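I've put the structures underneath this note.
One chain, chain A, appears in both complexes that follow, with chain B as partner in the first and chain C in the second.
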Partner chain A sequence: MQIKLKGNQNSWGLVAIFSHWIIAFLLLIQFTSGIRLSTMNFSYSKLELIDFHQSIGSVIMIFVFFRIIWRFYNSKPFNRELPNYHLKLSKITHLVLYFLLFSVPLLGLLYNWLSDMDIIIFGLITVPNIIIFENEDLADILIEIHFYLAIFFIFIVIVHFFAALYHLIIIKDRYKIFYRMRFKSIK
Partner chain B sequence: MFKSLINYLVIFFLVIFSLNLFGKDNKKREKNMDKMTKITIKIDRIFKSNEIDYQRVIKIGKQLKKLGIEFPSYSKPDSEVGRSKKSMWTERELFLKMNQDFVDAVEGFIVAASTENKEETWAKFKVAFEECQKCHHKFARAKINLLED
Partner chain C sequence: MRKYFCLTFLLLFSYQLKAEKTIDNVYSQEIFESGYISFIDKDFKNLTVIKELKNLNTENKFLFIYTPGSLNDDRKDIICSTYNEFAYLNEIFFQINQINKSYFYLNCTNLIEGDMLIPNGSNFPYIYQGDSKHEKIRTELLKLIDNFNKLGFNNEKIFLVGHSCGAWHSLLLGSLHPDKINSVIAFSPSCYGPRYLYFQRRAFLKYRQNDKNTMRKNKYLSSLVFVSPNDPRENYLTLKWLKRIKGLKLIKTMERKNNFYYLNDQICKFHSELDVKEEPIFDGHNLHFSKCFDYYSEDIIEFLKAKFN
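== the complex of A and B ==
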């Protein structure tokens, strides 16, 4: 059996499928921890959760960076039968998703760096601060934007999720949208 | 052009942010508290990293102490409650005592950091952190229950 790393007309390929589902899983953790953080009172558990949230965010950023590079290299399936408005909607949603996937963690990263706070991924790797100046006021503005963009992000992910469910349940995956993102499709 | 647009945007946000802070006692208090919270995160992370720069720890500790000393001055009798409980004003003596206990604990932390003994410094940080929590429990409103007094 040959495993298809790259995509074709019937599948996104192993690399894209794996990164899609791993990012989806990490985002679920990230949204949950983010919402929990915004409601938590000051405690040592909060500090621990901030570190965890920041570590997951760093891992998401690495995956997204890798996924964007792979997207240019990968052969993508094209839906010829898909109605035009579906194509347009999907394109817009995906563009917004990629923008948020990259900008939300980046804002978190900049907040830490501008506040002169070390970024330690899972207590193992310290990410060097590449910003030489400190600006707490700017950092506070960026973290506010991070918060509101994250709320918008949750909304867009819900739209994406329900669009996938629509394809799977309502129109019985007529255009194989869901199938192409399943591991089954790589065989 | 893009660069100058970014610069204008940053200046715009900074001006709006500064105007928002101007004259509002509770905003200054919250800003001060946010800075103190950030410093505790900073110290916690320094101790989680492999190499501890004690000079940096002392510098940050001094900033924390300064913010702690300044903190009561942002809760004048006529100031808005904001994220604080009314007890900050009704139990003023206790608030000032607890704030002083925190400042003293931070001083102990700075002294310990100057010995460059990791265990001792960390133990003193935990003492200061305990003081933070005690004060928060008594005088800060819970985030998910803003209806409390």
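== the complex of A and C ==
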């Protein structure tokens, strides 16, 4: 059976699967470049890396926005055999993940706007500044929150990752959790 | 035996011949003390720095105080400036001198140090106790202006010129005491480090914010500011707010292409400190060291002509 764009009982659907793995890949880039940026001293390469970090961040933000809309439209896979505490834990982590996926890039964006700097996506498109007033003190607080939330984000992603591995390896994917996010269909 | 003697003599002689050719080394010498920059013609080879002038004639003459940048955040610098900094700036000075006879004073800030002696690049989270190097630079500059007032220079005849940290403090002093000077010419103003170094130097950036706010409160500041679009310290994006100050003319200098700066398809070069050869400029921060800056000399002269009258 082929996987359709929209999800069903056994699969998330191609759109959700694609956006999940693309965001996962982009997040990996964001985490590594963000950690590198926080320790890097000033140079031309830091400026270039900032531009790169901002571009990838804005692409993630667009994807997440699209993903949330799609989640309401999409029909979700469901497994009745799954224990209740699994369901609750996964719901909490997913909620936190969605919150962080949206808030961390937003804080970065607000930092740039409040300190009156432009974001240029891959040197092509300039993101217009919506906020008219400028407040660098507030921007400094926001970037501090951006940093600590991102570290918390890494922790949550690791939890998500190990939960998936637990399902795949330890309980041999008894509840077909891991296979829902794969491009291969289940027989 | 004689052969070997001859050979050694020849070698020594040839070495001397080569050494004579590298007499240009003088012009990349370092400057340690402040003084008047004097020159005979456009050629930078005839440039000297004189500590004190005997016959200072202040009648109808303008004074340009050049403040160079500083290398250390809060400690002493070994050198004040180098001759290569004025290698091509000299040509602009010569043109200014032709319009109206004027004096050029180099204001060294290398011997100034802060009370806390904070090491370079440190991120100190506490409040500064005493006076920092930056505050002292400003008070020294103010004292210097007062001294020149006593020598006979009117407030309207004093111009502040600066590079990097010197430019930043010249602009700040101009906005704090607009009645004490005529106008300011700033080459790539930047101090305390760039805004995006937030996680590396929080405390220094607080000073930057205070300075920025005092500059912005000022409604009018007659000045000419040159900013490189891709300077890693402060660039055209981080200094956007300067545009909103009236009387301030912000000029965006040339863009960086493939790690170099080009004017009419030729790489911009400057006299390096170690070698006599000219080396290409990698850093837009030091663009006014190079011959390319002639392109903007018209802007400076036009600006000054309006101020001279």
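Criterion: the second predicted complex is superposed on the first by the 182 of 187 C-alpha atoms of A that agree within 3 Å, B and C clash if a C-alpha of one lies under 4 Å from a C-alpha of the other, contacts with A are read in each partner's own complex, and residues count from 1 in each chain.
Simple rule for what comes next: contacts are C-beta pairs under 8 Å (C-beta built on N, C-alpha and C of every residue); 3 or more make two chains touch, one makes a residue touch a chain.
Values in this document were obtained by computation on a predicted structure and should not be read as measured data.
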Task: Clash or fit (per the criteria above) of chain B with chain C on chain A - done: clash
Task: First, second, both or neither for A:84, with chain B first and chain C second - done: neither
Open item on the list: If we overlay the two complexes on their shared chain A, which of chain B and chain C does A:44 touch? Say first, second, both or neither.
Closed with: both
- [ ] Using the superposition on chain A described above, determine whether A:126 touches chain B (first), chain C (second), both, or neither.
- [x] first
TODO: Would you check which partner chain A:147 touches, where first means chain B only, second means chain C only, and both and neither mean what they say?
DONE: second
Open item on the list: Under the stated touch criterion, which partner chain does A:134 make contact with: chain B (first), chain C (second), both, or neither?
Closed with: second
Task: Contacts of A:117 with chain B and chain C, given as first, second, both or neither - done: both
- [ ] Run through 27-35, 45-53 or 117-125 for chain C and report the one that clashes with chain B in the overlay.
- [x] 117-125
Open item on the list: I'd like to check the shared interface: which positions of chain A are touched by both chain B and chain C across the two complexes?
Closed with: 38-39, 41-44, 47, 50, 115-118, 136-137, 140
Open item on the list: Quick check: in the complex, which residue numbers of chain C touch chain A?
Closed with: 121, 193-200, 202, 205, 209, 212, 230, 232-233, 237-238, 240-241
Task: Residues on chain A engaged by chain C in the complex (per definition of touch) - done: 37-39, 41-44, 46-47, 50, 115-118, 134, 136-137, 140, 143, 147
Task: chain B contact footprint on chain A (complex, rising order) - done: 38-44, 47, 50-51, 115-118, 120, 123, 126, 136-138, 140-141
Open item on the list: So in the complex, the part of chain B that touches chain A is made up of which residues?
Closed with: 10, 13-14, 17-18, 34-35, 37-38, 40-42, 44-46, 48-50, 129, 132-133, 136, 140, 142-144
